[in-house]
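Read through the structures below before going on.
Shared between the two complexes below is chain A, which has chain B as its partner in the first and chain C in the second.
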Partner chain A sequence: MNKLTYFPGCSAHGTSEEFDHTLKLVMKTLDVQMEEIPDWNCCGATSAHVMTENLALALPMRNLVLAEKLENKTMGIACASCYSRMKGTKKHLDENPEQAKRINSTVIDEGEYQGTVEIKSMLQYCFEEIGLETIKSKVTKSLSGLKVACYYGCLLTRPKDVTQFDSPEYPMSMDLLMEALGAKAMEFDFKTECCGASFSISNTEVVESLTGKILEVAKESGAHLIVVACPLCQSNLDMRQPDIEKHSGKKLDIPVMYFTQLMALAFGYPEKELRLPKHIVPVEAALKHIGDPVPEPEKVKKTKKAVEAESEVE
Partner chain B sequence: MITLGLLEKNTFLEAVNKKSGANVLECYQCGKCVSTCPVSSYMDFPPREIMQMIKLGLKEESYMANSMWFCLTCSACSGRCPREIDIPAVMEAIRHLAIEENYRSENKKVKDIRKFHDIFLDMIKRYGRNYELRMMAEFNIRTRNLFKDMHLAPKALLKGKIPIGHESTKSAKAIQRMFKLAGKLEKEKR
Partner chain C sequence: MARVGVFVCYCGANIADFIDVPAVVEEAKKIKEVKISVLYKYMCSDPGQGMIRDAIVQNRLTSVVVAACSPRMHEKTFRKALSDAGMNPYMLEVANIREHSSWVHQKDKKAATEKANDLIRMAIAKSIANEQLHEISVPVTKRALVIGGGIAGIQAALDIADARIPVTLVEKSPSIGGRMAQLDETFPTLDCSQCILTPKMVDVASHPYIELIPYSEVIELDGYVGNYKAKIKKKASYVDFSSCTGCGACTQKCPVKVPNEFNMNIDKRKAIYTPFPQAVPNKPVIDATHCTMLLKGKCGICAKVCEKGSINFKMVDEVIEREVGAVVIATGYDLWDPKPYEEYGVGRYKDIITSLEFERMVSASGPTNGVPIRPSDGKVPKNVVFIKCIGSRDEAKGIEYCSKICCMYTAKHAILLHHKVHDSHAYIFYMDIRAAGKGYEEFVKRAQVETAATYLRGRVSKIYKKGDKLMVRGEDAQIGQVVEVEADLVVLATAVIAPKDNPSLARLLGVSYDKYGYMSEAHPKLRPVETAKAGIFLAGCTQAPKDIPDTVAQASACAAKVCGLFAGDTLKKDPMVSTINNEFCSGCQNCVKVCPYQAIVTEEIPLGHGSKELRTVAKINEGVCQGCGSCVAICRSMAINLAGFTDPQIINEIVAI
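And now, the complex of A and B:
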């Protein structure tokens, strides 16, 4: 049994409770024992670093110090925004030991910062630590027939020197994970475009514009649904969708699920465990595509130009 | 006022470079950041122009721009910058400097964005964690826009998408102490 220190983040106990719930189910099947950081606090997310430098480091630091007290030294983080703040803070503290000492004085009651915990997003943990083969071996209900567009957003792979994971331009880890479950991952050019994040509340029209484009391109890809690994992406793409449809006049109707919900489904958990009623854009119709006959992969027809080019080479 | 580097020391450039850890002088104005940035069309000065303004020492103009408030820190620009400049860090530096030096834009959007962040931090200070529903409600109250997103409320609440209750950290005192001490550190370095 593997052990994992777990930082859920505020939304995992709020708007993205279905992410947290299915993640726990999936980890149970994968024989990973999750230990939540006792009495963790908000990492400061979008706001602390916008307004202040020191608090933006102090908030994640308290969590890091609390995590260091646990026996296991790998931390998995559900939310992409928390992941970015925690991992970015750790990098900054490790590179600036003087400042780390100063910031440590604000949370010194919790202990001294050591920098001994390794941070991974839950997607990264599944991909790197558990591995696709193991995941494949746990699939009892293949998702074959289901076409998905994997949306990573900004912070899971960017900035590269912080995340150290996958490609910042065209990542494939979630696509490969979905294929391991039997689903078909579609080509999707907007997989790392920004959804507008916290502007959802303070600057809604920006989010509607950015999210609208992402949804449209996902729809055009032929996907039945969008798969995400971030609570903020999920709520922007899902909750804002009816308004986007109203304002643009275009029907989108494309559900947005967490990758853990699909993993749980493929691992044989009943649909009621996925907490589907929480979705604003209903999911059920899309999931009916599971079991659709999958056409044989088409042989790529060579264009006239390609044939000509080849014969020239010869 | 435009300062010509050679004649006068560009203290603004120095302050931004020091705070961000980037070297703004390396920017050769290719504009890739602008074409990459998802929100550059909302900025009064897109990233490329801000970089040039810093080089020219246009401090007040930079502080009063909305650009750094619109920056989402998505890091798309820095990933593609041929000079590998950490542009989000530069944006963050001018934002922090503007706050420290008490520059306040009267732009409605900037004011709303600032209010949102204030409320978010207020939630953490109070509960140690974010209380999403209350944050949304407070934003509507403080921006005097009570009915914003109200049409989403029945569905989101009934479906349990946005929970009504909330959690707190047990160590409320530790959090408040952290806020106090971090605030003190912020003042010390000025």
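And now, the complex of A and C:
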């Protein structure tokens, strides 16, 4: 059994409860024991770092100190924003040891920061540490027939020198994960576009225009649903759809699911475990596409030798 | 007893305003070896030099100190004055009291004067230990080697050969012509590239003083200025050029099709091919990586159809040697691969192409007969978006420098697009328009006014697909808004980069290159054509991105340099070179490692007088040595002596302050 330190972030206990729940199911199947950090605190989110740098560093730092006490190699983070704050903080602290020491000794009583925990998003953990082969081996109900558009949002792979994971502009890890489950990942140009994030509250119009564009392009790609790995992305894409449809007059009706929900489904958990009633845009119709006949891919068979692959004999 | 003359210069006000020159003159007189100490307003002028000449004779001087500007300015002038007065010119020392004192200490006259006194005292002390030196004569082989047969190499070879100096021109690919042969029309006059280039290519082939060696590479260069020995590898072409008539039957019948690199892989060529119809020499070569006869022993159709029996599948690479006196490097440039622009969908969308691909399409002899098409469906595009600075001026993804030619060729492409597709529209996203050159700004205006190209100042942030169109989203900074353009075709002006083989070539030639892989010139302003290694010169983009006029000018400058080098029967060079005292040399070879000019080799000498046992000592080639002194500093046994900077001279200088 692998052990994983788990940082859920505040949404996992609230708006993205279905993410948290299915993540735990999936990890159980994959034989990973999740240890939630006791007494974790807010990562600071978007508020702390616009107020003061020290606060923005101190909040994640306390979580890091607590995580180190669990003595697991890796900490998995559910929320993309928490992930960004924690990993960015770790990089900054490691590069500025004096400042780290100062903050540590001034406001953190829980122990001394070592910088020993490796931070990964849950998507990254599945992709890098569990691996597609293992995931494939656990699939009992293939998602074949389902077409998905994988949406990564802006923080999972950016900035590159912080995240050190996948491509910052056109990542493929979630696409490959979905294909491992049997689904078809569609070509989707807006997979890293900004959804408007926390402007959802303060400037809804901006979010509607940005999110609207993402939904429109996802719909055009032919996908039955959008797959996400971030609670805020999910709520913006899902929750704003009715308003966007009202303002634009265009019918979107494209459900937005967490990758863990689809993993749970493919691993054989019943639909009721996916917590589908929590979705604004109903999911059920999209999931009916599972089992649709899949047309043969138009692949040109390539010969083994690279030499012959390039040349062509009349 | 040494008899030194000191000549202090006012340099108008340059020195006199900040240094108490009369006091300096008096100070020098206190040294007992100084027999005359005088001042003059302009020592470099003819009367000034006359003062020096007269003083040498009248005072029977043994050495001369001139306290004036940097020796880089007038050392040669004053040496000549010494010669004219019958004195060995190397008995001169220059005390640089201008750049080293008056110019840098303008606020403190007292300190500047003191420093001038120090500098002059040092020069006097050094000059007392000066020895009579004589210019070194080096024999010279009057043949030039030109590496690379693009427009730079062609121009350099022709200009040198026109001076009746034999030239060996080595070209890597089967034909000369280089990048320019791939271009359709050239800015700012829109004359056809082939039309102005091919006559020069033919001249190269027919010139009695040019030996053209195509499909070959330089693999070794030994020796020094005037006396290089080059090893050239002639790659197996499997075609006997001496009997081949270039009839083309073999290329017609060959059944193997391969992506055509000359046409940027837009169409296919055969496995036996000439790169383009106007190739020089117009003889085919067999591409061994694709020929089924060479790979699997099947086919051989080309040999069957060849009436002259020129095909020889057993041909192997051959190494030949040439002795040359000078080398011109003209290896040209490559283009940056835009793959890192993932947000544009480069590699995913067929209708995003590079500028050179567009250039081949609009070329009348190109793969699409001069009509631009969308690679995805073959349709003629109406809305074409050009994006400049792809990789250039981009520290995050590409390189920091400006590629210099993209602003101009993109303007040209907008005009050519309009010529080929009348109802088309060009949108050009740019950061700045850099059109500095004769007729360049007017040319850009022409693109903007005549062809009504829309210039949008700003970067493109994203390209995405909508139906069969590409949506190009970018900033229009002049209206401060994000704009989206619906494009049929997107053309990326990719950065000019150094050929990837430049560093390895530079190492084998013994010249330096910069962090981007461009060959380094000896001085960015005053010696832009020479490398730091004597007798090796640079032409064209191998040194930095350049347009055709600049490249041709630099190539001609190379030719002038080569002709100058070969003007006499021997080469004269300064005698400030290092020599090894074998008795002290321990053979540690540290000097070999530190020598930046590869001037030091080793030799075996008898261990003792008449002994048969041998020991290794260092040996300096005075033809190559540039007198930098690195070997002197590293030598632990003090076995190396640098003429003009001997230990007694340096010690005298130190003692004098």
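Here is the rule we use: the second predicted complex is superposed on the first by the 296 of 314 C-alpha atoms of A that agree within 3 Å, B and C clash if a C-alpha of one lies under 4 Å from a C-alpha of the other, contacts with A are read in each partner's own complex, and residues count from 1 in each chain.
The rule we apply is simple: contacts are C-beta pairs under 8 Å (C-beta built on N, C-alpha and C of every residue); 3 or more make two chains touch, one makes a residue touch a chain.
Values in this document were obtained by computation on a predicted structure and should not be read as measured data.
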Response to the item:
Chosen between chain B and chain C, the partner touching more chain A residues is B
Practice prompt. Could you look at A:Asp189 and tell me whether it touches chain B, chain C, both or neither (first, second, both, neither)?
Written response: second
Discussion item. Is A:Glu273 touching anything from chain B or chain C once the two structures are fitted on A? First, second, both or neither.
Written reply: neither
Practice prompt. Quick one: classify A:Glu129 as touching chain B (first), chain C (second), both or neither.
Written response: neither
Discussion item. Under the stated touch criterion, which partner chain does A:Val217 make contact with: chain B (first), chain C (second), both, or neither?
Written reply: second
Practice prompt. Would you check which partner chain A:Pro159 touches, where first means chain B only, second means chain C only, and both and neither mean what they say?
Written response: first
Item to complete: Using the superposition on chain A described above, determine whether A:Asp253 touches chain B (first), chain C (second), both, or neither.
Response: neither
Worksheet item: Taking the superposition as given, does A:Tyr170 touch the first partner, chain B, the second, chain C, both, or neither?
Response: second
Practice prompt. Please write out, lowest number first, the residues of chain A touched by both chain B and chain C across the two complexes.
Written response: 168-169, 192-193
Practice prompt. Please name which positions on chain A make contact with chain C in the complex.
Written response: 167-170, 187, 189-190, 192-193, 217, 220, 307, 310-314
Worksheet item: Tell me, which parts of chain B touch chain A in their complex?
Response: 38-39, 42, 70, 72-76, 78-79, 86, 88, 92, 95-96, 99, 109, 112-118, 120-121, 123-124, 128-130, 132, 135-136, 139, 148-149, 152, 155-156, 159-163, 166-167, 169-171, 174-175, 177-179, 181-183, 185-186
Discussion item. Applying the document's contact rule, which stretches of chain C touch chain A when the two form their complex?
Written reply: 255-259, 268, 271, 289-290, 292, 295, 341-343, 345, 348, 462-466
Worksheet entry | chain B partner contacts - residues on chain A that touch it in the complex | 10-11, 13-15, 17, 39-42, 44-55, 58-59, 62, 102-103, 105-107, 109-110, 154-155, 158-160, 168-169, 192-194, 196-199, 201-204, 206, 210, 235, 239, 243, 277-280
